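In the two assemblies presented below, subunit A is common to both, partnered first by subunit B and then by subunit C.
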Partner chain A sequence: MKYWISVAVILVLTLGVALSPVNEYFFFAAYFVLTAIALSTAWNILGGYAGYVNFGTPAFFGVGAYTAVVLFKWLGAPLPVQIVAGAVMGGLLGFGVGLLTLRLRGIFFAIGTIAVIFIMETLMINWRYVGGATGLQLVRPPVSVPFDTYARMLFMVIAVVAVVAVSIARYVQDSWIGRGLRAIRDSEEAAECSGVPTLRLKLIACVISGGLMGAVGAPMPMYLSFIEPASTFSLNYTIAALGGSIIGGMSHWGGPIIGALVLSTLQQIITVTISGEVNVLVVGVLLVLFVVLAPEGVLGLFKRWLRSSK
Partner chain B sequence: MIFSLDLLTEAVIFGVLLGCFYAAVSIGLSVSFGLLDVPHVAHPAVMILGSYFTYLLANQGLDPILSGVILMPAFFVLGVLIYRFYYESFEKRGSEAGVRGLAFFFGLAFIIEIGLILTFGVDQRTVRAAYIGSSWELGDYRIPYRMLVAFGVALALTLALTIYLSKTFIGRAIKAVAQDQGALRLMGANPVRIKQWAFGIATAVSALAGAMVIVVGPVEPSMDRLYIGRTFCIVVLAGLGSMTGTLASGLILGISESIVLMFFGASWAPAVAFGLLLVVLGIRPQGLFGR
Partner chain C sequence: MAAILEVNAVSKHFGGFTALSDVSIRVAAGERFGLIGPNGSGKTTLINCVSGSLRNDSGSIAFQGEEISRQPAYVRTRKGIARSFQVPRPFHTMTVLENLLVPTAYVRHLKDSEGEAQAMQILTDMGLAAKARAYAAELSQVELRKLELARAMASQPKLLISDEAMAGLSGSEVDEVLKILFDLNEKGITIIMIEHIMQAVMRFSQRVICLDAGKIICEGAPTEIVKNPDVQKAYLGA
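Entry: the complex of A and B
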């Protein structure tokens, strides 16, 4: 109950900010931060709970984005339809990849997901309808009331997507799915022997995770009013999703939120003050530092601090 | 699509050369991932690092392949350090090394790549040598000398590593560590030191592989991403840790990529390695020449 009240409060506040006369740049930066939060949360459902590393975040994200573009160009579909369709396609991709590689050890799944990024990118580069390698300029429909600009409207949209992602991650964690996934993470053999349907659980997690990433990708073309394969399938999304979860802490749905919030805010500051390359470098360095020195992430550090101050 | 026997022959000839080159760039991974079971996704990044060091040495007037050989001892030390760090931080602790070990190597690859971008910029770099830019006319076919040089070095490297692993004492110890680490410990040997040595060898080989990469074509920092697909495809297809299998799988990938390149165009070629990898993982994860 407390959770749903805070969700309602957050959404009302978001709407308030979107309608207030805040500087446009704020929405630009906030969109980036909320995307990172939603992607990390989605990644954590399979990576954090079950311990299967998915390097393919851009593949799922990109499938969502390109689904949205196709629907928009072909039927002029409205944004909510694009997002739902992006989620469905992301989920289907998750099911396919999972079926091929989730039977194997985690490392093979991880490499398989890298393969999916490049296969999707190659397909899109060779598909003329969506602009091929050079990309496609999109003419955005007029912005819906009550929002003044696209940045404000999409800020609200991505906030809703992020809230849905977090709520699903929270539900999965506390349900039988989450318990099964944790059993898989601790010892897959032991889980299998005690009757946990490991493959089915991993597939469910992969579909949910992929679907959410697809939903996050869907509003991106509208946001940029442009789509192009190289930046859509950029490995920067992989490191953002992975980094957010690992730095925040993978055992709880709150971890990716904290990690992604810290990481992407830092990235925005560095991009503005230093450069775009350095911001990715910082994420890489932080990722390695946390993985080695604080494997439980910020949440783990916080718990340790609580225990020692008692 | 124009199909003719002539073009097919040309594609196959080029594919064989390319395949040997691919086998050579994968053989380090075949040791580190195939034999030692280290999830070394930073292998291609380390190799591209080798290409850039080759570029620096070659600019001083050295032959690029010779530069690669000169770099090998330094890369051996680098490999030992990387493994030592990985062992102390992840392998020793045991639990959950899967996610964190992978994240570590992925982060390492990113750091190397961005480091290269910050130092050298995103422009393509090339080296100069007598055999780069000219080609050998063989009847109707033209075979670039740079591919022949890479082919020769690749064969020599694969052969040397195969002999090293099967005939020398330490080579056999490396194979033993891959088979049963516990048994090795009972025999009074230290598996960690053997693995450290093997990882050093694998990294040293990557330096020479990196030199070949820059001989074969221009190099840019983000190139390691494509080689993740090629190298892992070959190592998995070979069956983990098989050296002759690595050569055979390299040829399979090289010929298929060359045929796709010839008949479908360059924009489809990168997908071949990744597609083949997914198919192998789905159908025959133990590889063609698996133990």
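Entry: the complex of A and C
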């Protein structure tokens, strides 16, 4: 109940901000931060709860984005339809990739997921309809009321997507699925012998995770009014998704929110004040520091601090 | 008595290595059955085939008259086969109590409130109740072994396979675990005990089978087994 009240408050506040005369740049930065939160949250369902490290975030994100473009170009489908379709395609890709790769464990699974990015990118580069390697310019339809600009509207849209992602991650964590996934992460063999249908559960996690990533990718073409394979399938999304979870903490749905918020805000600040190159360096250093010194992330540090102050 | 488990001519190869060749065993319902053999003789491979962690290459495995050798492990657990692991594999990010809630939820489909009550009962029976809120890292060796058995019991099995639950324990701890297994057997659970500690198997089992190099070399009452020259040769060499 408390959770849903907070959700309502956050959404109302978001709408308020979107309608207020705040500087346009804020929405540009916030879109980036909210995308990172939603991607990290989605990634954590498979990577954090079940312990299956997925490097393929851009593949799922990109499938969502290209699904939106195809639907827009072909049928002129409205944004909500594009997002739902992006989620469906992301989920389907998750199912396919899961069936093929979830029998692999550890590093082999991770490498398998990297391959998926290159497969998807190559497919899109060779598909004329969506612009191939040069990309495709999109003429955006007029912005919907009550918003004055695209940045404001898409800020609200991505906030809703992020809230949905977090709510699903929270539900999964507290449900029977979450306990089974934790058992898989701790010992897959013992989980199976405790009655957990491990393959089915991993597939469920992969479909949910992939579907949410697809939904996050879908509004991106409208945001840029352009799509092009190299940036859509950029490994930066892998780092954003994985980094947010690692820095925040992977055992709780709150972890990726904190981590992605810290990481992507920092990235925005550094990109603007220093440079894009330093930004990448800082992300790398932060990840190494957290993996070595605080493998349980900010949440872990917070728990340790709570225990020691008792 | 009716057989609860029938293993018929089961073989298992790993590449060119034959881990089990043509092994057949019959375990009666309610029996205390011992499985012994030197290191690498195929004991754990055999029970991995029974529990579903491995698939046998040939032969059949029937549980309560039903062929199960092509079913995944979780289905077999749901049908009533539970096992402990030789090297304890606790769910280390969960408390002892939560460890037991995995089988109560996934095998018996109990709500957490019901599952918790039953899990606490099992922990009390095993003398682990005081550690219900502890994490696996805080447990001693004997407590980890008990957790393995407790988690197996939380699925309410008909057949419990205990894979070296006593290895590395002291004399009094062995007695403690033995008592737990005797108590479970008295409640009607069939138990297969795999053990290195001869004295424990001999005291516990009504019938013993000795494996060597993937083959059954002898079968009988504990007292006969220790006198068998093949068994002595397998264990002592020469």
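One rule holds for everything that comes next: the second predicted complex is superposed on the first by the 310 of 310 C-alpha atoms of A that agree within 3 Å, B and C clash if a C-alpha of one lies under 4 Å from a C-alpha of the other, contacts with A are read in each partner's own complex, and residues count from 1 in each chain.
As a convention for this text, a residue touches a chain if its C-beta (ideal position, glycine included) is under 8 Å from a C-beta of that chain, and two chains touch if they have at least 3 such contacts.
For clarity, every value in this text was computed on a predicted model and none was experimentally measured.
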Quick check on the superposed pair: does A:V196 touch subunit B, subunit C, both, or neither? Answer first, second, both or neither.
second
Identify the partner contact of A:R185: answer first if only subunit B is touched, second if only subunit C is, both if each is, neither if none is.
both
After superposition on the shared chain, which partner residues are touched by A:V116: those of subunit B (first), subunit C (second), both, or neither?
first
Of the two partners subunit B and subunit C, more of subunit A gets touched by chain B
First, second, both or neither for A:A133, with subunit B first and subunit C second
first
Which subunit A residues lie in the overlap of the subunit B contact set and the subunit C contact set?
185
Interfacial residue positions of subunit C with respect to subunit A in the complex:
51-53, 72-74, 77-78, 82-83, 85, 89-94, 98, 101-103, 105-107, 151-152, 154-155
Please name which positions on subunit B make contact with subunit A in the complex.
39, 41, 89, 96, 98-100, 102-104, 106-108, 110-111, 114-115, 117-118, 225-226, 228-229, 232-233, 236, 267-268, 270-271, 274-275, 277-278, 281-282, 285
Which part of subunit A faces subunit B closely enough to touch in the complex?
47, 51, 53, 55, 99-101, 103-104, 106-108, 110-112, 114-116, 118-119, 122-123, 125-126, 133, 185, 235, 238-239, 242, 246, 250, 277-278, 280-281, 283-285, 287-288, 291-292, 295
Spell out the residues on subunit A that touch subunit C in their complex, using ranges where they run on.
176, 179-180, 182-183, 185-187, 189-199, 251
